[in-house]
């Protein structure tokens, strides 16, 4: 799969992310590890990643499945990682929370909220100073909660002062684990905070993949043109709990219902149908295709071996056997 | 006595202390969401959800403690303390002394750590030794529901800053807790969990159970092990450990935390210094590896010293075979 | 001396701060410890502290002499502290960098840049929750450099969300140790950042004590009225080096010269003379009086005993002898 | 050989490595102001002043290291590392292992600490043990200008993250440094500063001089002390220490850092574990007190173990008198 889904692939990619996470929920319900799903946020991942090129770098966090799949990651190896198996992208050492896939340009995933923001300026500085391919940029995905961490501001200020090629992508899904963001910040806080740092900021409907893509493509072009950072706030919603299992008892039912009506996959499907680009039969074929892929992926993951205990220390340091 | 989990014992202690002292409040990312019971009992002003910002959560707890309140800051998982280090290490731990004793910091921070949930090294990192090393802080890491209850109450009442660590692997473990609301376990006292004559096994948190299991196996083999649960890592109850070593002449320290400059190193050094004359064998440390705890279940399990490894190490002290390196044992 | 200089005392208080720091420079030049002076920033300290009441609390940082003296601290005990003597406010344990005087309401001074910002919300929360005297507020002094630390944003956001009675006072003296602030932030950054957090922000000429006082008094009244935080950016300049000794070789001569012409003591003296409130003879008398106080203070400090080594551990913990 | 101060040796090493490897850059609060020489030689892009924001300075170094650069981050004073702990401990120390070895972090952080400038505990805090305890990090703390030069060069060339601590008290101390640009001191090797038969004195940074002074005094009294300079605290050169203890049978560890879970505890525990058979006396630790270092000159001096205290402790090992508690000695 390409690292850059074409418009015609957006819907299938979103369906694939949704199906992947549905399968992870099933894994958890049958005793597997709980994950943080991005159900409802698929358009953010697909819209932004589809605007990036292979030379670009991506940093992600605990809610990374969409970013990885949009970038072309193998769901089988992702699932193997979540299950702690040897075939996982990190050999099972990461589990679901810090999956990185360097070959795909998804680097330094950190599950410390704000960790990705502390690391992104260095990745972009290396690009600016001639490491990697010319003109490459760094896209960093983080949540509305991460914007409450001081490191958010330190990273934005440094990116502006040093004119670093960073696309800041805040997936504002309204929730910070078990706390609604309006308990932690003013209504328009994220865009206001970013604007205060003096870089161009746009707030976009994060559930409209075409709108996200258009904004991301324009921002990426602008970054490549002048080398400076850009900021996108994607308004979206976490349709499931913070992590599995989570009964969402603390979620206001009306708010959840409102956002369910604005499901990014439905939005895109409607757009395609109205434009006569696909019909329901085609959508059904796509759903069946991704379902098959996910089942194959799950089978691969479950068949994957457990890592050897020597792996615990094998990569702690660069020396032989992970020794200093 | 009532049977309850460690988690229940912890929050019973917090609720009791909040009822007892109106200056006690608790804050954290989601505490007001997850503990509606506390909000209902004590009001939103004393049970506060916070923004996602550990540095100012900890700093606010420190500032409030110096100003007449008795805050509890729930920082969730131990690795998140790295964002709170200035407030804890440079402010809470130092400003009492640096100011010539003008300020007092009666606060408690809570954090989870340890294997059990396969969450990986950014949620599971037994870094308690960093705070034992830093001046001016107290550190608690219990192993039984009764101690979680009694030590949390003592921590909340203590005039000094206390870091209270909860071993994830113990969170849902059940045990008997005294119903008496006045039940308090003083900081700084270790507990002898099993008396023995031949060897002293020292652990805390989940490795207390490991030591007890090893002791049972050793008993069958005719070796009578004494098991000590440190409970408080600072101040450290050196007397209880030294008295035991004076009696047994042999010491094995078992921790999930890694060995280098860890609590196991401190216990071993203390014994080599103050109980040298009594030692009849090398002081062994069985610790977690000097590596970030991995997520994979099989790997995570392997980072915790197991009873059979403790048994093998103890037998080595009685036989002629040299002590194996701690990590190899931990990984065996 | 009162904790709250009356307008008629402002000039003398500023002269006292200036004389105190001149004496500390002399101490350093004769082999004593180097300090961070606030020469050129006296109007910030006097203008704000004169707007506070005894019940209020003040947090300061490494550049605290002005705040302390304006609050009525004894220059002798301050000097003794800097010299590491037993009669110092902290018994000599602090030295110049973290002088606190709880009796005067100057609490938890931290020399970790941003430390004072991390602690202020807790001090204010205690006030809000009924500790200390009703209606009390917390004033926290910090620099433009501290505004670059993530904790600045975490503290402002918490103060706004929790509606804490905090007066944030940023002494923007254009320098962050050996780095000019324009190397670290956009021109209008501080006010823009603060405004982004949604609290009332004012930028004031920090070298005009009357203007600073008026703005501070209004802000304090507003905080007492609605309980919420206010923010003052005081534009000023660090006329001496970061700490003693510092030849300021890295300072642009013209900028320094421009600001010297706007010395806060000259500004206030001119105002008083023009208003006919004092004449040069009176100013000379004031200078002589503060000079005498400072010499007496220096004599006191130099005569003060060294602390006993038992003090190293005497206050580490609350227990007997500082033991846990 | 050329005579130069520790500070000169450090920056000569940095300049040599920047000339040798275009991927090396240095950033910090004021480095471009204070080191015009480096700016002139290597340009503003490789010698960067930063905003006052340690968390993102360290994070940027970590991210850049994983992306092909070899950053040096000057974090000024050790207590400021508390703002940089997430990037160092959770990212640099863990993401190599957690990612299954996908990333490498060739970076160096520099920080000053130790007594000498009377700046108090928020500038002077020997917290190096925290990073020895954390996984995935290397820690260097030299004592001579030649080692500052050679170890800084090794640290910059090293593929792993290195925390490089400079003892304030040594900064302007002079010594001979090889003129040879290829002079590199490998990480992980201790140095025997003085061979001896009767007792092993282990120190690092300024306490190496303390141990050497004590050894001279002991020689006069007929006790031949071997003095070991650890130089690198992680990886620790256990072999050199153990070989010495096997020979002398007596060990005294002398550090300015406090004792609890410190490097002194690690050395003592290691000996009690792996050289027990050779030990003929208790393993002693003479350390700084478990207290925030005060600013007052007389107090700051008293936080550093002095040669006479080392002499007294060693004599205790040969006489019958029991070892005195370490802190009492440090404060004596």
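First chain written, first letter: the chains are A, B, C and D, and each begins at residue 1.
Basically, a residue touches a chain if its C-beta (ideal position, glycine included) is under 8 Å from a C-beta of that chain, and two chains touch if they have at least 3 such contacts.
In this text, all values refer to a predicted model and were calculated from it rather than measured experimentally.
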item	value
For chain B and chain C, chains touching each	A, D
Identity of the chain that, by mean CA position, is farthest from chain D	A
Centre-to-centre distance between chain C and chain A (centres being mean Cα positions), rounded to whole Å	45
Mean-CA-position distance for chain B and chain A (Å)	36
Where chain B and chain D are represented by their mean Cα positions, the distance between them in whole Å	29
For chain B, residues contacting two or more additional chains	50-51, 53, 55-56, 79, 82-83, 86, 90, 97-98, 120, 122, 135-136, 234, 290-292, 294-295
Where chain C touches two or more other chains, by residue	92-94, 98, 110, 112, 114-115, 148-151, 154, 157, 161, 183-185, 311, 313, 316, 322
List of chain B residues in touch with chain A within their complex	29-30, 33-34, 49-56, 79-80, 82-83, 118-120, 122-123, 289-292, 294-299, 302-303, 327, 331
Chain A contact footprint on chain D (complex, rising order)	23, 25, 45, 48, 50-51, 53, 55-56, 58-69, 71, 86-87, 90-91, 95-104, 135-136, 138, 159-160, 187-188, 234-235
Chain C - residues contacting chain D, complex	33, 84-85, 92-98, 110-115, 145-146, 148-150, 176-179, 183-185, 250, 306-307, 309, 311-313, 316, 322
List of chain C residues in touch with chain A within their complex	148-154, 157, 160-161, 183-186, 189, 192-193, 195-198
Interfacial residue positions of chain C with respect to chain B in the complex	57, 88-94, 98, 100-102, 107-110, 112, 114-115, 117-127, 129, 131-132, 150-151, 154-155, 157-158, 161-162, 311, 313-319, 322-324
